[in-house]
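Chain IDs A, B, C and D follow the sequence of writing; residue 1 opens each chain.
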Amino acid sequence: MHIQKKAHSSLNLAKNDSFDTPEKKVTHTHSHNQESNQKQSIQVDVTNYNHPPNISKLIPVSKIYSAYKLLKNVVTRTPTQKSMKLSEYFGANVYIKREDLQIVRSYKLRGAYNKIISIPENERHRTIFCASAGNHAQGVAYVCNLMKINCIIYMPTNTPSIKFNAVKSWGKQYVQIELVGDTFDESFRASREKCNTENGIYVHAFDDEKIIEGQGTIAVEVLEDINEDQVDFMFFPVGGGGCGAGISSYFKQVSPQTILIGVEPEGSPSMYEAIKQQQIVELETINTFVDGAAIKKSGAKPFDILNSVLKEVVLIPEGHVCTTMMKLFNEEGILVEPAGALAISALDKFKDQIKGKTVVCLISGSNNDLGRMTDIRMLSEIHQGLQYYMFVNFFQKPGALKQFLIQCLGPTDEVTNLEYTRKNNREKGPALVGVKVKKPQDFEAMKNKMEELKITHRILQPNQEIFKMLL
Amino acid sequence: MHIQKKAHSSLNLAKNDSFDTPEKKVTHTHSHNQESNQKQSIQVDVTNYNHPPNISKLIPVSKIYSAYKLLKNVVTRTPTQKSMKLSEYFGANVYIKREDLQIVRSYKLRGAYNKIISIPENERHRTIFCASAGNHAQGVAYVCNLMKINCIIYMPTNTPSIKFNAVKSWGKQYVQIELVGDTFDESFRASREKCNTENGIYVHAFDDEKIIEGQGTIAVEVLEDINEDQVDFMFFPVGGGGCGAGISSYFKQVSPQTILIGVEPEGSPSMYEAIKQQQIVELETINTFVDGAAIKKSGAKPFDILNSVLKEVVLIPEGHVCTTMMKLFNEEGILVEPAGALAISALDKFKDQIKGKTVVCLISGSNNDLGRMTDIRMLSEIHQGLQYYMFVNFFQKPGALKQFLIQCLGPTDEVTNLEYTRKNNREKGPALVGVKVKKPQDFEAMKNKMEELKITHRILQPNQEIFKMLL
Amino acid sequence: MHIQKKAHSSLNLAKNDSFDTPEKKVTHTHSHNQESNQKQSIQVDVTNYNHPPNISKLIPVSKIYSAYKLLKNVVTRTPTQKSMKLSEYFGANVYIKREDLQIVRSYKLRGAYNKIISIPENERHRTIFCASAGNHAQGVAYVCNLMKINCIIYMPTNTPSIKFNAVKSWGKQYVQIELVGDTFDESFRASREKCNTENGIYVHAFDDEKIIEGQGTIAVEVLEDINEDQVDFMFFPVGGGGCGAGISSYFKQVSPQTILIGVEPEGSPSMYEAIKQQQIVELETINTFVDGAAIKKSGAKPFDILNSVLKEVVLIPEGHVCTTMMKLFNEEGILVEPAGALAISALDKFKDQIKGKTVVCLISGSNNDLGRMTDIRMLSEIHQGLQYYMFVNFFQKPGALKQFLIQCLGPTDEVTNLEYTRKNNREKGPALVGVKVKKPQDFEAMKNKMEELKITHRILQPNQEIFKMLL
Amino acid sequence: MHIQKKAHSSLNLAKNDSFDTPEKKVTHTHSHNQESNQKQSIQVDVTNYNHPPNISKLIPVSKIYSAYKLLKNVVTRTPTQKSMKLSEYFGANVYIKREDLQIVRSYKLRGAYNKIISIPENERHRTIFCASAGNHAQGVAYVCNLMKINCIIYMPTNTPSIKFNAVKSWGKQYVQIELVGDTFDESFRASREKCNTENGIYVHAFDDEKIIEGQGTIAVEVLEDINEDQVDFMFFPVGGGGCGAGISSYFKQVSPQTILIGVEPEGSPSMYEAIKQQQIVELETINTFVDGAAIKKSGAKPFDILNSVLKEVVLIPEGHVCTTMMKLFNEEGILVEPAGALAISALDKFKDQIKGKTVVCLISGSNNDLGRMTDIRMLSEIHQGLQYYMFVNFFQKPGALKQFLIQCLGPTDEVTNLEYTRKNNREKGPALVGVKVKKPQDFEAMKNKMEELKITHRILQPNQEIFKMLL
């Protein structure tokens, strides 16, 4: 108990960007203490940065290695590539582990296979049940088809057909999909109940040691493939925590000097909160934008492991994830899903610490609905301060619009949207205006001009109902 | 038979404004012949302009006068006012008969009362049936409540609650309203059938001599109240034709020199077509905007009468009706329903002929849904060439919108609507632009400017689906 | 000073409907005290209800009567009609003074004439200046044309062309209009400055004794025309206060037993605040919807008078004004401007007190932009709880919309608006839904159903930006 | 001359899908003749299918091979992969040549390098000029930076910033970009003029032998890398024709039995029209959606070559291109630009002929603006008959919407969009309705239901202004 607390006191829970809660300030203090420790002896500090981790909580190396042997001929050994662009930008050796190129386009196949292969032959007539909003479902479906075991997969009713079809196409006649529940949680509960009444075998997406072992095989490949002497930093996304738990267990025992960083979406900080409160919590509402990592409640086993070894849990705003996605595609031609961009998104925050170091980022998957890309581009531009949507209150007089366009817009500012209706008998009336600027400062100039002309405005935020309604 | 044909040949069927069909040209020829006759002897011509009308078809003066006596204590004797503004504008003595001030706000009370009072006492236990989209229903409801006779009134399902409530409020416990049918015609058929099966008494809105007599009492009041020696022109709206038939019958016999002009909405020219084809026709589709006068098929009796005495049936575009409505309210403070503005709308077309003459225009009613006034103002401005809605195809480059506003808009032109979304990867994209100009020529200048800048546009018309969708 | 305070303590400042501010509670207490006084001796109380009014502050009867004589042949003597509908509804003798039928369609002609005729002959070569958003401008323009004096009228830049044209049409070559300033206040300031530099004669809209005398002639006509023995209640709208001051001065001296009630729009309570704070205040922002009575700062002279004689200033929500307007038109065929409906709107609040009494309500004017009527109908229906606009958060699953329509809508509930876009990859998404119900309780049922189905919603209010943007 | 004509008579110009012009029927006849020839002796026919090609018009093999040697160490040797999915689906060996994986993400680098390296050393101080809407610009920029030669690249003003930035990022300090002209053609003309006045070196995107040789190196790699004995069909996109001309020249001489198929977007059929009319034509308007292959006028040299060797030019509707793009990504994880999907899109049309054969499709590039993907998904679904947008004319009565949703929608049909406003006083009013169905027949059922209920509708097409405006 006392140890636990101390452990926590040295853990750095960081929210990126826009957050400035009292909690954050507290962790900043912790972080500062820790940094001063680092100055004395980095070597020691790195090895022991968390605390003597409770090794007994970790998955033994032997188990992960066994999984690796089992999986070898089933999964793709995805490349651990050095990214020239990222390495140059950060002045570091930045590697990316390309699980976007995995079969079923995410690492989830690893855990699913390791779990299902562990079912004794004489139990394989029983039906497998699971619930998933996406990647886990594909992994399970693929394995069930491979091993000719029947499975019933629960997905929420709002599952896009592209995901539904992918699961169907991997699982073929061995998979049956049930669309139940308005949210993943409802879907999950329904699958558990049905599994019980039907005496099925439940394959949880993350809270299962076999699953964790399977995902841990990523670490085996990374450590084998990397050219450098050692890995200084390992960044991975955290949803339920299964993947991070597997990777961390392996690294902590085989490459203890590697600093382990878990990365969560700001809108669904379940592991962040769990570690902060030193117990699993169920969040009330979450933003499901980063669908591969948006979960209300962390896994119990993953929590135990990550709580004991993580140096930091970083929270990344959704807009930042979008920017990373766009950059990855535009600059490196790599198209990932939002969760796949989490780990790389965290680098900005560590740019001082990683300079000159060897860093690995896990790209977890690429099951992306291309139809979302227009939104993602928009969110990215808003996050970067290059695109704004606002209500502008025009005086309802002739020429008000013209005046705005001529006087408030700079030479390279662009109007991207305009919905304007002039109404009589009102002094002022709102118009929806979208503008794109070349750099954030250009918008400052526009705001000043508006103020000068007494034109009031209100910027719309992507998380507002009105934004979702209009854009 | 031969006479009838000749009669027709001297009848002037005129469509106002925008029409230029072959038929029109034919009637122009007729009109021309007639005009040359006029030159020889106006006096004779005016008296005989139609032909010796088949007096036997008309309602006898005695019957209309009896109706007048009966009605005297029931209806309001509405004023026949001289309009200073119209008189000045046309250089004529223009009178308006204010049936907008009638109880139930339309002349329909006259016919309804005259019809229902004619039902023998011993039949008054039977239920009265009728169908109406509005004014006739109010007239019937008022009389039934007055005379304590039960009635069942059929109205279409899309009847606005304001009309529904008005009928209810006049008829109180004596009225029962059935909302049946998507159009008036469906509603009408249903009411006839029910009346038959229930052995009711049917009170038709216009195709009934008692109704026609009742409406004809308007003419008695006009001729009594007018200050001038004689009435040279009498203008009245034509829907089913009952009102026009009553007024015409009285005038033709009492003041035969008065020229009688029926006025129909351009979008529902049932009497116009009937006279042209010398038989009643049923139009396939009509524009119901001028709801008080939009009917697919004229009454048989009204047709017989009007065909024999009318000098012209004038068709008025709906936009013109709106302009008359707006002017009447803004300049004279009189608010009428669209049908109420028809007669006055026809004056423009006769401005040469009426100069120095005495003219009466019937304002038939004022049962207006105020909620329509925004549309009516818009349609009026479009009709006058002062408001335009168009798709403008902008090049999808920065600054395209600004360029348009700066270079194409004149100093007094106003943007009233703008819906613009800039899309990448397209050379051009449409925006919805609404502009208001001070005079129609200003828009010509704007069009020239757009052409010069190679900005294409397409003007949207109020009768287009896309217009109704967007505006 | 002491008297003044006591005076105030017996003054009832009431806000109608939705308000429940601490101030209101305080005035309720006052009101209660007063009511208990009333029980002892109504007669005495009515005469003295305010306090012995400071007669010296009032305009002498003789001056108002002189104005009446002067105006007699210039203005229309508008009817003081008994409203059968209102009388029946309230169980009272309710009269309406129809200044909507005045020349220039508002009482403003009275004050303007009385002021301008008072200018000595040898000063009439100077130019008259004034500022007005509407009715006062028309009055001044009419008089200047009549008396052939030049005037320059300042109006805000957002003045609708209908008002602009009306002023032009009354003033003809004698009027020059300057569109200056985004608000009335800016326009007013500009007119004062110009008047000074040009050595003009300023005709203030309300803060001028000659103006107040002119408006007071309404009271002379009312007291002459009313059939009953005495007037128990006189209700009038209050904007700047000129009209109320004139009417009150006359009544207080000629018919002291009449209870005087001023009525202000809830969105611009300048006189209410002035009386509450016992000094004129300038409001920072006001709702200009009731344009004829929306003013930031009461007149000094009017305040002095009204503060001394008013029994209550009632505040009426804008939606209530709209409902009164719709009822007046639908039930009595009288179309008024928003300010014209204020006085009648206050009757609801006094329904117990006025039972069996004689009540006069001033309809101040009818200069209405018909293009606003669609909005007015909507605001009225919202105010009555019969129309709702809301964001409904649908689960983004197939059939969500169908489910809502089938399960949440009652048999007589209607969807009037629906803007719905189903987006993938979101659990929920907002749709704009407009519904109309037959009675407010039907919406309660709908809300319960939505809650049951876990469909969240948010009702949009007319004063919200988002409402103005979307509706 | 005579030979040329005969040659043309055996050329098959096919438009895919929806086209059924008289021209097509003519070519069908040709095609039929040819097919009967095939029956006699496929072997002979295949070798000689076009005619003895005018070898003198082709680029000599030696030149293309030299280019291949030069390029070897500069460009990526992209894989020629067997697609398991396509092979299985068509019952053929379908290979894809992955130029989407090329540096600068398109094959354009090949031509650009081969051209610029051919500039003599002593001329390399002169500035290089070119015009391009995208890929060619990137190729030139990359080479100029590599070879340290300055270049000025003209791009149209509507170039998205992502393309602008990519060119900048490849060319670094050696590239200067000029945004000139609203269309590519204007941009092109400007670049030619400037190049002349500045004595620059012009690097045309396709009408240059050096460029054609460079693109022809694709063929060298394909023939080397393919596993099968021979290539039966080679499909490639055609824009200006440079790439096709290079590939065709090499194949015709080295693998003469390979049938060569050029594929053009239906909206910009410049080569199709050129071959049909036996001369280069300039199209008046084109659809620029398939930006990499949308050109108004084919190159002269490419036309000479392709006219002499092509078996068919296939036209692919833009919606079909979108469907191919979506399938490629969803099923194979390959994200291409629209032009990159052209060749594979043509396979459907040849499915009988290619059965059992070896087929190569060139994926030309992957410079895609991700922001377009939402549109691309929509266009794909519309093309497949799974998504519809329409105006539905609802009767303006309560419950009309509910009735539609309940009665017309099948159990798996989904409403994706709904914009509905109920208006009074109209019988009918349009609503925008978007629906998604599981199979095209479901929509037939919906249409029948609507007809039954007399609900009229009009389907909106993606090329309509109104579609672009609303969706």
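Basically, a contact is a pair of C-beta atoms (placed from the backbone, for glycine too) under 8 Å apart; a residue touches a chain by one contact, two chains touch by 3 or more.
All values derive from a computational prediction rather than experimental measurement.
Q: Name, by label, each chain that touches both members of the pair chain A and chain B.
A: C, D
Q: Please flag the chain sitting at the greatest distance from chain B, going by CA centroids.
A: The most distant chain relative to chain B turns out to be A.
Q: Roughly how far is chain B from chain D, centre to centre by C-alpha average, rounded to an integer in Å?
A: Each chain reduced to its C-alpha mean, chain B and chain D end up 58 Å apart.
Q: Taking each chain's centre as the mean of its CA atoms, how far is chain C from chain D in angstrom?
A: Spacing between the chain centres: roughly 67 Å.
Q: Round to the nearest whole Å and give the separation of the Cα centres of chain B and chain C.
A: The computed centroid separation for chain B versus chain C comes out at 36 Å.
Q: Could you pull out the residues of chain D that touch at least 2 other chains?
A: 371-372, 398, 419, 431
Q: What residues of chain D sit close enough to touch chain B in their complex?
A: Chain D residues touching chain B: 156-158, 160, 182-183, 288-289, 291, 369, 371-372, 391, 393, 395-398, 419, 424-427, 429-432, 454, 458, 465-466, 468-470.
Q: Can you tell me which positions in chain D touch chain C when the two form their complex?
A: 398-399, 401-402, 405-406, 409, 412, 414-422, 431, 434
Q: Which residues of chain C touch chain B once you look at their complex with the stated criterion?
A: Of all residues in chain C, those touching chain B are 101, 105, 162, 165-166, 169, 326, 329-331, 333, 335, 366, 370-378.
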